[in-house]
Each structure stands twice: as C-alpha cells, then as structure tokens.
Amino acid sequence: MSTFGNHFRVTTYGESHCLSVGCIVDGVPPGMALTEDDIQPQMTRRRPGQSAITTPRNEKDRVEIQSGTEFGITLGTPIGIKVMNENQRKQDYGNKTMDLYPRPSHADWTYLEKYGVKASSGGGRSSARETIGRVAAGAIAEKYLREAFGVEIVAFTSSIGNEFLFPPTPEHPTSATNPAFLQLIETIDRKTVDEFLPVRTPNEEVSKRMEKLVGDFKEREDSIGGTVTCVIRNCPSGLGEPCFDKLEATLAHAMLSIPATKGFDIGSGFGGCQVPGSIHNDPFIKAPAIPAGETGTSSSVPRPRLTTKTNNSGGIQGGITNGAPIYFTVAFKPPATIGQAQTTATYDQEEGVLEAKGRHDPCVVPRAIPIVEAMAALVIIDAVMAQKAREASRSLLPPLKGVVPVHKA
Amino acid sequence: MSTFGNHFRVTTYGESHCLSVGCIVDGVPPGMALTEDDIQPQMTRRRPGQSAITTPRNEKDRVEIQSGTEFGITLGTPIGIKVMNENQRKQDYGNKTMDLYPRPSHADWTYLEKYGVKASSGGGRSSARETIGRVAAGAIAEKYLREAFGVEIVAFTSSIGNEFLFPPTPEHPTSATNPAFLQLIETIDRKTVDEFLPVRTPNEEVSKRMEKLVGDFKEREDSIGGTVTCVIRNCPSGLGEPCFDKLEATLAHAMLSIPATKGFDIGSGFGGCQVPGSIHNDPFIKAPAIPAGETGTSSSVPRPRLTTKTNNSGGIQGGITNGAPIYFTVAFKPPATIGQAQTTATYDQEEGVLEAKGRHDPCVVPRAIPIVEAMAALVIIDAVMAQKAREASRSLLPPLKGVVPVHKA
Amino acid sequence: MSTFGNHFRVTTYGESHCLSVGCIVDGVPPGMALTEDDIQPQMTRRRPGQSAITTPRNEKDRVEIQSGTEFGITLGTPIGIKVMNENQRKQDYGNKTMDLYPRPSHADWTYLEKYGVKASSGGGRSSARETIGRVAAGAIAEKYLREAFGVEIVAFTSSIGNEFLFPPTPEHPTSATNPAFLQLIETIDRKTVDEFLPVRTPNEEVSKRMEKLVGDFKEREDSIGGTVTCVIRNCPSGLGEPCFDKLEATLAHAMLSIPATKGFDIGSGFGGCQVPGSIHNDPFIKAPAIPAGETGTSSSVPRPRLTTKTNNSGGIQGGITNGAPIYFTVAFKPPATIGQAQTTATYDQEEGVLEAKGRHDPCVVPRAIPIVEAMAALVIIDAVMAQKAREASRSLLPPLKGVVPVHKA
Amino acid sequence: MSTFGNHFRVTTYGESHCLSVGCIVDGVPPGMALTEDDIQPQMTRRRPGQSAITTPRNEKDRVEIQSGTEFGITLGTPIGIKVMNENQRKQDYGNKTMDLYPRPSHADWTYLEKYGVKASSGGGRSSARETIGRVAAGAIAEKYLREAFGVEIVAFTSSIGNEFLFPPTPEHPTSATNPAFLQLIETIDRKTVDEFLPVRTPNEEVSKRMEKLVGDFKEREDSIGGTVTCVIRNCPSGLGEPCFDKLEATLAHAMLSIPATKGFDIGSGFGGCQVPGSIHNDPFIKAPAIPAGETGTSSSVPRPRLTTKTNNSGGIQGGITNGAPIYFTVAFKPPATIGQAQTTATYDQEEGVLEAKGRHDPCVVPRAIPIVEAMAALVIIDAVMAQKAREASRSLLPPLKGVVPVHKA
C-alpha cells in the first residue's frame, strides 16, 4: 500500500501527471520547530537537472505544508504536504508509441496486469515523482532524529557500472573489512558528497572515471546502474523489533521500495559470506568516553557501555542496533528508458520496434541519494518510537532484583 | 513485532529454552485439506543433524495443529501450531562464560540493550528455533499456492565462501544473463536439491568443493557464510502493492528477517548494476500457449498474454509480478558461534577470552533453505490475497468503455 | 491515528484553521467512474448553514481530486483529496478567553495534556472540519458499494432530547420489535430524509416537535443532544472478521470516532436486553425470490438462501452479516459550545467565568447524518474487500467433498 | 481478524472443540514479574458453573505460559498462552438437529455464509471459549497497568432485563448525573462485586430481584439480557489517538467484539442526549492534591493539574482521557440458546421445529464481567504505549519557547 511506518506513518499520493503529489505524515512528535525550509533542501537535492548527467527537465517542487503545524511548531497532528505538478501532460495521452507498446522493464505492463486500467503515464505511480512525498516525510524524520540524538544520515555513490569507490579484492571481498571504508563512513557528510556532483562519489579520481562512464552511456543513448552506500551515525542502541521487523529487514523493505532498486546489503553484506567467522565476528570493547557535547545535541541520551572493535555487523546484531554506525548499500539497475531502438511486443502481442523520444537520465544513482537518506530516516524514526514506547512503559514498573536497569526514556 | 503479513497473518512465539514454540496463522482460506503431514516435511528439512556438516543435536520438532481445522479441512479460523521444546535447559543459567560475556556478533548484547533483561539464552528469540513457526506457516501457505496456482518454490545453495554455483564473470557479472542459470531455475525441484545433501547445491562438482570447504572450516573450528538462491515459478501476474509494498520490498523484508542474513538481491541484483540498460531491459514477446493441464492445477487461472524474452527483472517490474519466474538471492553470514577462542569484553567492560564449548554448525546455508522457501511462500500468499481482494472487488463494477478487463478472480 | 480501514484505507489531515483539509484514499478499486460530482453532494449535506437551526457560517467546501483518477476513472492508485480552508483565523490566537480557559467538555484541555502544545484552535483536530475527509472518502466507498451491490445507506434523526421518532414503550423497549420501525428502515431514502430539514426526522409531527425543541434551546443559548439511526440495505452476507473485527465492532469503532458521540447500539441494542430470548431470537425462513433486476445493479451477486423472520440481530450474527438490513443508532451529546456563561477554571487553576461569543449550533444531530453514512460506508467496503480476498482465494482451491460451495467472488 | 492492539498485540486461536485455545501476547513490557498465578484468577472468574444461575458445565481452564518469561519475569518477547480444551466433542458431529438447522440468532448460518465450511460446532469461533485468550491477555495487561499507574478496572452488572441498578428517571435520564452512581464507581472493587454472586450487582435488594428474574427465565427455559458497567480508575490523562482511534472508539470496538453484545455507551451515553449542554458540560476545577502514596504505585506518574467537577464525559474529552474515572456500559442480548422449541428453517430451507437439549445459561451477564474488564485493559495498555512513544520521543527535543512542557515519560 501507500503507507509506510507504524508510529511515524507516511502515506503518499500522486502519479506523474496528476494535479499534485504529496503525503500525510502522522505521528510526528509535537513541539518540534518545523517549516518548509526544513524540507526544501532535500527536495532540491533530488531534483533532476542538477548537472549535465542528470535529466535537464526543470521541476520546481516547492513544498507546501497544509496542516499539523502552527507558528512553525508541530502540533502532533498529521502534517499534510503538497507539491504541485507543473507537468500535467494528460494531453499526451494518445501518444502513438506509448499507446501501443508497454515499455520494456518499465511498469506499464505490470500496472495494467494489476489494475486493469491503462494510465496515460503507464505505471504512473511507479514514476520518480512518487518519491517526492518520501523525501518530504524523510526530511521531517531527519530533523527529529538530529535534534533528539544527533543522528547523521549520509548517502553517497559507491559504484557506477564497474567503477567502484572500494572495489572488492581477495583481501577485502567486502568493504566492511577495509579500514579506508570504515574511516570514510565515520566522517563523510552531505556537503562533501555534493562537492562531487554530478556523481556524488567522494573521491576525485573515481568521481572522474564515473562521470566519464556515464557520459559514454549518455552518448550511446544507453544507461547504466550503480550502488548507493548509506551510513547512519549516532543511532541509539536497542532499535529494531524482532523477529520479523529486525532493523535490517525494515531497512531492506524501505530500500527495495525505491523505484529501480535490485539489491540491498547490510554491513559486510554479500562480500561478508566469504569472510571466515573468526574474522567476521565483531569483538566487544569498552566504549570510549564521549567528549562533552560532541555527539548528539541531547545530553540525556545514554550511549552503550560496550562497542565493537570491528563493524562487520553494520551496527545491527540480532536485528537490533548496537550503537555503532549502521551502513548498507543499495543496488540501482540501469534506467529502463533508453534512446536506442528496442525490438519488443505491443499490448496486442505484435512484435515491433519501440523508439523513445526526449531526454533521459543515463544513470539515476546520484539523484537517488536523498531518497535513500529519506527512507533510512523513516525506518529509524519508526524504530525509535517503538523502542521509546517499550522503554518508557518499562521504566514505570517497580525494579526487579537481578534485572539490568533499562535506559532512561 | 512477531507478526508477518496482512491477509495471511502469521504470529510466532518461542525462545530457545521455553516450553514450546509455535505460531498462529490467521486468514488461511477455508475449505483446504490440511493435516500435520502437510507441514512436517519442511520442518524436517530445516532440522539440524541431517548430515556431517550440520549440527548433530537431535531435535524432533513434531508439529501439532491446535485449532482451525476439523476432519482435516481448514475452517477459515486461526490455525494454532505448537512444537514442544525438548531442550529446556534453564538450569544452564549460571553458566560462567555466558554469564560474563556477550558473545561477539550474537544478539546477547543487543537484546540486553533493547529489553534490559538478561535471558538465559542470551538473545533467545534470535535463535534458530524461532524459525520453526515460520516454516510451519510457510508450509500451509505453500500448500495453498500449489493447489490454487501450481506455484513451485525451490531454494538451493548458490555459494559457500568463495565457491559459487555460478561465479560472476566479466561477461556475466550477474547470473541473470547466464543461460545456464536461467535454465536451472526453470526446472530445479526440491528432490534434486536434496540429492546434493549436505550442501544442497545442485551440481556435483561444486557440491564437492563446497563440502570440502565447509569441512575445512569445521576442522579449524571456524565458520563460513554463503548464499541461497530461490525461484518462485507459476506465480500469477499482478502481485505486489506499490508504492511501499512492492513485491521485491516485501520479499527483502521477509528474507532479511531470517537470522544471520546480510543481503538480498532480486533478478539481476547487484551484478545487474554493471549491465547496460540496452541489454538489461527485458523485451516483451507473445506468451507461449500453455499445453492443457500443464501449469498449475487450476485451469481457471489466466496467464498473461505477454512475457519477457530475458528475465533480468526477476519476474517483477515496477514492484509487480509479470508472470515470469521470480528469483532472488539471500546472503548468510558465517555463524557467530565458533570453537576458536575470542578476545572480547565482558558485560562489565573487562577484556577477556571467550571460549565456546560444544558442537557448532560451521555453515547454516543448507539448513536455511526451507526457511527461505517458507518466507517466500508467506510473501506470495499475502500478495495474492491483496490482489484477489482488488480483482474480485473490481469485477463487480459495471464495465467501462476503453478500460481493459481485469482478470477473473 | 488518522488512518481508518485495512483494504480501503483512508488517512485524513487538517485542523480548524490550517491551509486545507483532506485525505488520501488508498485501495479504491480501479476502473470505477469517479469525479468530484460523486463526492460533492454529501459534502454539501454536511455543511453548516443549511437551515435556521444549524450554524449560519457559510463554508464552501469544494472538493478537489488531486490524484488517482484519469479521465474520470479510478486508476487503483491513492486518491488525494483536498478542500481549502477559507477560515484560516490564526490571527485570532491571543484571544483572551480562549487563551485563559480550556473550554468545558471541549478537547482543549485533553489535547494539551496529550500533545503538550496549545494550538490556536484548542483541540483543532477534534473540530467538525476534521470530518470533511471522512465524508469525501465515504462518498467514494458508497459509490462503489452502490454500483457493485446496490447497497443503500440512509441515516436519519431518531431522537432529539426527549423527543423520539419511536419512543420506547413497555411493549417495545427497543424499536427493533416495532413493525413501524422495521417498515421505515426497509424504505427510507435520503431524499425523504432531506424533506424533513432542518431536523431530518422522517415524520412530520415529530419533526415539528423536534424543531421547536431545538429552537427553545437556541433561545436559551443552551444545547441538546440526540440520536441518529442508520440503515444499510442490500449488504452482502458474510461480512465481518471474527473475532476482534466483528462487523458490529468495526461499526462501533467508526461511529464512536465521530466527534461528540457517546453511544452506539446495533439491532435491538440496549432495549433488546429487556426482551426474552424466545422473542429476541430471529427464526430463519426461506429467502424470497428476488424479482429480476430489483436488488443491486450486479446480477452476479448471490443472495443468501435463508433470511430471518424478525431482525433483532440488526443484520449481523456472530459478527457476520446475514444479508438482512443492518441498522444501528448513534448517540450525540449536546454541543459543548453554549452561549451561557460557565463557571470553570483557567489553565492556571483559577476559577472564573467563561462566556463564549459568536453563533453556535444548538444541536449537531442533523448535520451528523452524512458523517454517520460516510463512516458506515467505510466500514462496509473494508469488510467487503476482506471477504472478497477470502472468497476469491478459496474459489481457486479444488472442491472438497462435504463442504458447501462458497459464493462466487 | 484475530489480532487486537498495535503495541500490546494479542492474537487468539481456538474454537469450541479443538485441542486447545490460547493466545500470543506481543509487546509485553520486559522486566515485569509474571506467572500463571497472575492470570488464573480472572480465568476462574469467567468460568461457567460459579453458581446456580450460570451453566453447570465444569470447565477447568488451567493457564500454561509457553514462552516469553523466565524465572517469573517477562523477557519482552511474545508470551504464548495455552489452555487445554477438555471438551473435544468432535464425535458429536452428526447430531441430527445441529446437522439440519442453523440455530436462530447463533452464528451457525453466518459462519457458513462467510467460510463456506460447516464446522461441527457451528460458528465455533463465535463461542464463549474464544474469550479465554482475551481474559488471559487482559490479566497481563492489567497487572502492568496496576503496577505502573495503580489503574483499577472493575465491572459489575448494571441491569438484567428490566431490573436496573440505577433505573433511568426524568431527573436522571443517565446515571452519569446521579450522585449515587458517581460515588459507587469511585469505590467499587472486584471483591465487593463478587460478594453479590451469582448476579454481581453490588446492591443487595437489586441483586435479589435480578436473581429471581433470572431464575424465572431459567424455569421457563427462556433467556434474558442485561448490561455491564465498567469503571477504569487512575488512568493517566492523554490516552487515545485522534481522530479515528479516540479512546471511546477503541473501547467500543473492544466491547462490541465480545460475543452477544449489542450496545456500548460511554459517560452519559444515550441518556446524556436528553441532558441540556449547560448541565452536561463538565466544568474544570483545580485538581485536589493527592495524598502521598495514595494513588498508583508509581510516584513518578504526574496527575493533571485540573479535573472536572462533574463527569458526564466519562473521563474522555475529544477522544482523549482527562484523568477522571472512565466508565461505560455494555449491552448483552439474551442468550440465543434456549430450551423452548423454536419454529425455524433448515439449511435446506425447510420449515421445522428445533429443540435444544442440555443445560443452558439463561443470562450471560455475570460471566461477561471479567471479559469486559480484560478488553478494557487491552484498550488502555495499548493507548498507554502509544502515548508513551509520543511523550518519550518528544521529551528528547530541545524545549521551545511558549510551549507547555510535556509529561515526563
């Protein structure tokens, strides 16, 4: 369905060519400062046309808060968010090609199979415009997490085609065991990532190779995929709801719900399957003291007494966060819309040649970054609220002998 | 939480050492033949001790249906399922090592952080015994899917450590483009998979290499991970609920909720990021006529009029099934319990050496296969019922001009 | 939360004085004709200012569909609905009285206790404007139910103060046993109800007495409550999901979620407690043949073979519809806003006198009618889709000996 | 479905004649002392055979905790609960009468309409045995609420047939305005209620009249209904989730899900419709200081600064608790099983006479009391956890100027 989350619950609406797109965000903690200015930056980061290698269509995407705040403060009631569609091309319906052919590896055919109605936009709800509501809701979640815990969520491009920021090697089949990678995710921030536009991979040399690769695909009217790696720092321990809603499970759900995704891995991931347990296990060590005021804005948030020496677990063990950085990687396929002619079949089972017109994005990976960050924020805030309900409920019980005291909620 | 699914809803209970484990399965279609005999086989396939390379503990795991059937027929009411625990080792509590140390990369520490209570089994709910309820519920789902649509779900080991059934190559960075792989997933069945016990990889040579690899790790008291690939055949088109519950998203959720998983990919997956769009796109072709009585048991289930020539999409486009085989791969980390001594910290932040006693599983991959199949079945049946609600509701509306007729529900 | 329903899922947003109010309706069956014209009539029926006895504020409440339809046909994707607020009186904040006093029996105090934020509108989300989204969503549900099954939902005023349409008597402690009542609910329609504006009780004499009563309360700057009775005809049998989501339970939930409600009864209700079981039981009789084309628009909807001679059950037995008319009554308290001065306490615990200014509604009962109808439609459509998922899923199973065939979905 | 609650989530299983009945309770706060002894008393109170006027069948209903506790302490994991059925009368199937006739006003017919399967017990899931899981789960919820807040939940019989504990009068059309009633609900406890067995109405004279009335109905082989009133004291303010999950809405849902219920009213209820707003409004007054240690066990639970002088609201305003006692009344119909012969129709539409054999309960009201209490506890604990998630989340935000501080979570 179009709803995500149980406590911080986002419901989105909108197709490619309708009047507006947007969402309702229910469960936002009351008493938080919030205006459109908190939301617009991520909205702008996801806009096409930020550089030569993304699509030059000039969307505006101005966010309008409809409800749920007053005088710039959240009321605790649902926040309605609306972004006008300036591209309502319903007149395009009747377009010959779109009319005849379901586009290969698009959603045109499966939407028709599912709903039995042929929309002018094909699988209109599968379009990138649908992600606007996610990014808006994610920005609200992020603001809360930053204010409450100092959570930092940063995503970057980790590969395009066969160009990798950290190519797998026999020594490091997973970047999880690579010290350079671990150092990067400790420190990377969005400003740095955006310095590497258009590809958003934080390494000058790799960035150039990727840019060139994308340019080549653009020239050939072809497309190429890639991966986004995302790190979440300063996340409290204890998040994730076993057994079915382990944190990696809800993260995977969130990521694979983003259009064009094909894979997810957490911590050591697929590469970790090749690492012996004796190396893969993360030994515990005493957590370092945190210099006053350094982590998080809220001094009342306790940090775990132990941490791990390595982090092949990606900050999650048994489905529950341990306080270490959470990191994961999401695979994006090559965009289905390409300029080259494709031999395929019409809705009526006739073979023919489909040629797409217009300007296309040869690689969606850089634009996907704020969407990955948004979905990560939605997963974390929902897990925070579930755990806060438990901790706060528990804290009201009389203490029991031999039971370790719970965090203060 | 401990509930999975919206229409076919499974709720599980049980830790390692409690009285019994089990589940309640709500929403089972009424009027289906069902006895313990339909459930026991998969339960037995997940049992440890099936061969030298899995753990020799001898669990019995006899399924008992408590409710929801009468005279071997489902009533439509919740099916209660119980499996006794024969290993209620509560007296083990007080074990010195377990008492002092959270085991590295286990859930002991995070369960304590989350719940504030130290269970005798550490993160007892994170144990493999928790999966018993899943497998039981999955067997019920599978029976329905087989009877209604002829759905076949088959998983097999696709890699252990660096031994791959289909190693990635420059030509085939993903097995999705490899004809040998595509042919395998069209035909593989469980009987064949089980002929390759203990590793369950359907290739004699690779199987031997894997068996040797696991034996080596066992000898070194170490452990190793691997991947399970699963195919779902004869799945109806139109399944999956955009935008947040795309079928790959709910599959990813389901798979990453299995203990010890670290990654998921669907169709071309991570390797597909390296394939140009012009090759990755799946052109449509006219669907072949199905020989009478060949696919599925229910002749009333229509098949789509189109299919795809290639299947890099993995049977899902825009989050919705297109009728082609669905296939995906799940990464399992090396088991955290190893015989080697590990330097780590106690709950009280003291460094020390932890030595695990007893017999351990050097590789969980082969045992994970029925669990992957079970979770796949739970995802598919839930999506089927969501889509059936839509199709059946729609079919009652008066026909509209220019709208393609929906499937008959 | 602000979401209602599992299959046909409505999420609303909006307070009294924000930019707009509205909702997202997810799960609408695709392929249904739908424009604003299908929604506006009920929206207009709920507007204040329809007569002397309701509040004269002139709201406009024009519905705008944002998404989910194309060329007047539902796509199956979420329908975004927006109604502008023309009364954004944020400048009123600072109003002395509202600033100092939580209004007695309003939500000002409890909203502050819950959210910790004082909104300019007090408990803004508890305002009648919140019901706009419900009525819009209900109108969509109703259209479906009418087209698919010929369902008719009609509510009317059954009492105001101590004036009753069917006063309880020793012989008929519940109107369920009163033939005049049973006949009325078989035939009453909205047009007839609206002929009895302003009070909407379908009886000339009673209507006049009620109108006079309300006028008296208006004059005294006081207020009075009353009850709304609602009937749902042509509802298919088999709706309602035991054990927790029995149809009367979800109806009760829906009705008690309407602002100002204090009670709900179904069928014989509270009065039925005084009727002996031997009279209260509804004997079964053979269902009469339905003249071709008379009930419902969809000839494919089967009717049950049995019906009941009496209908004390109110069309629901064991939580499941039996095909007979469903009827229930909802109690509305006297509006909390009255012109009279009230001695009460300030937020700061000081006793004082609160005098409300402006024009107030002495009785909300007549305006509540379309809201009751809307919520009834939302309950029924959700139950229909749950049951259709079951029936359609079951219909694909091979037939079993000795099991009664299910409805064709 | 068979699941109730979002945070404290109960899933039940079991029909009349299956192997066992029970439930899984997910979301129980960890670290609470809990054994079967906490659950058994309410289980015993709901047992039939407690006196001459309830059914003499001798059920045992011994609770067995399967999981989720260790050494008598909750782990935070799901609690599995099982109660054996000692009455597995499947051999009764084939009973001539039950085979031929759907029993009037039972669920036999509607279960068949819904599920298409004829169970030996008719609508077996609609039986009173289904409530065992509710009562067990409710006892766990109650223990938490008592320990955390000193919550007291007490239900009693308020009418049987036309014998009322507080008969409506012109002066008091609702008992809400009756000082004697208000005093009773401030002080009544379960021990006192049980002193008035078999009818459980806390008034000697009325109790006798009711007992005689029930005896008369028993003699005539007839049955009679009645009402249960329930009070919840010491409930924290701020509970209830507008707009659809107002506390009265979830209470109504819970109560109408109990078998044989026909109505619900909260606070002044239906009678309150006849009270002028000027009397019905509850003026605010300064809350009295609470003598140290008197209310609740947890001194950290703050009480609201204001309370209301009267309590027509029943402790809920705008769907949110205000800290005053919550009270409501539930209507139970006369039991459908009566000894008298009934003319009705067979499944095959033939008219005939049905005579029930065996011993029947002429009035279920006294036995329903622990079930009403259990469902009330489930509603309150779920609302507590939702609100604790909000409060605790909010408490981590930096303070904002002009915003009232939230409760400490």
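General observations
The letters A, B, C and D name the chains in turn, as written, and every chain counts its residues from 1.
As a convention for this text, contacts are C-beta pairs under 8 Å (C-beta built on N, C-alpha and C of every residue); 3 or more make two chains touch, one makes a residue touch a chain.
Labels paired with UniProt names: A, B, C, D = Chorismate synthase.
Please read all numbers here as calculations on a predicted model, not as lab measurements.
Between chain B and chain D, the least number of touching-chain steps is 1.
Using CA-based centroids throughout, the chain positioned farthest away from chain B is C. The interface holding more C-beta pairs in contact, when A-B is weighed against A-D, is A-B. Put simply, the C-alpha centre of chain A and that of chain B have 24 angstrom between them. Chain geometry summary: the mean Cα position of chain A and that of chain D are 44 Å apart.
Among all residues of chain A, those that touch two or more other chains are 1-3, 12, 27, 30-31, 73, 76-77, 114-117, 125, 242, 390-391, 394, 403, 406. Of all residues in chain B, only 6-7, 27, 29-33, 73, 76-77, 144, 147-149, 242, 297-298, 300-301, 384-386, 388-398, 400, 403, 406, 409 touch chain C in the complex they form. The residues of chain A lying in touch with chain B in their complex are 1-4, 12, 101-102, 104-107, 109-118, 123, 125-126, 130, 159-162, 173, 217, 220, 222-227, 237-246, 248-257, 259, 261-270, 272-278, 280-287, 304-306, 308, 312-314, 316-323, 331-336, 338, 340, 342-345, 347, 349, 351, 362, 387, 390-391, 394, 403-407.
Against chain D, the residues of chain B that register as touching in their complex are 1-3, 9, 11-15, 18-24, 26-27, 30-31, 64-68, 70-71, 73-80, 82, 90, 93, 114-117, 119-120, 124-125.
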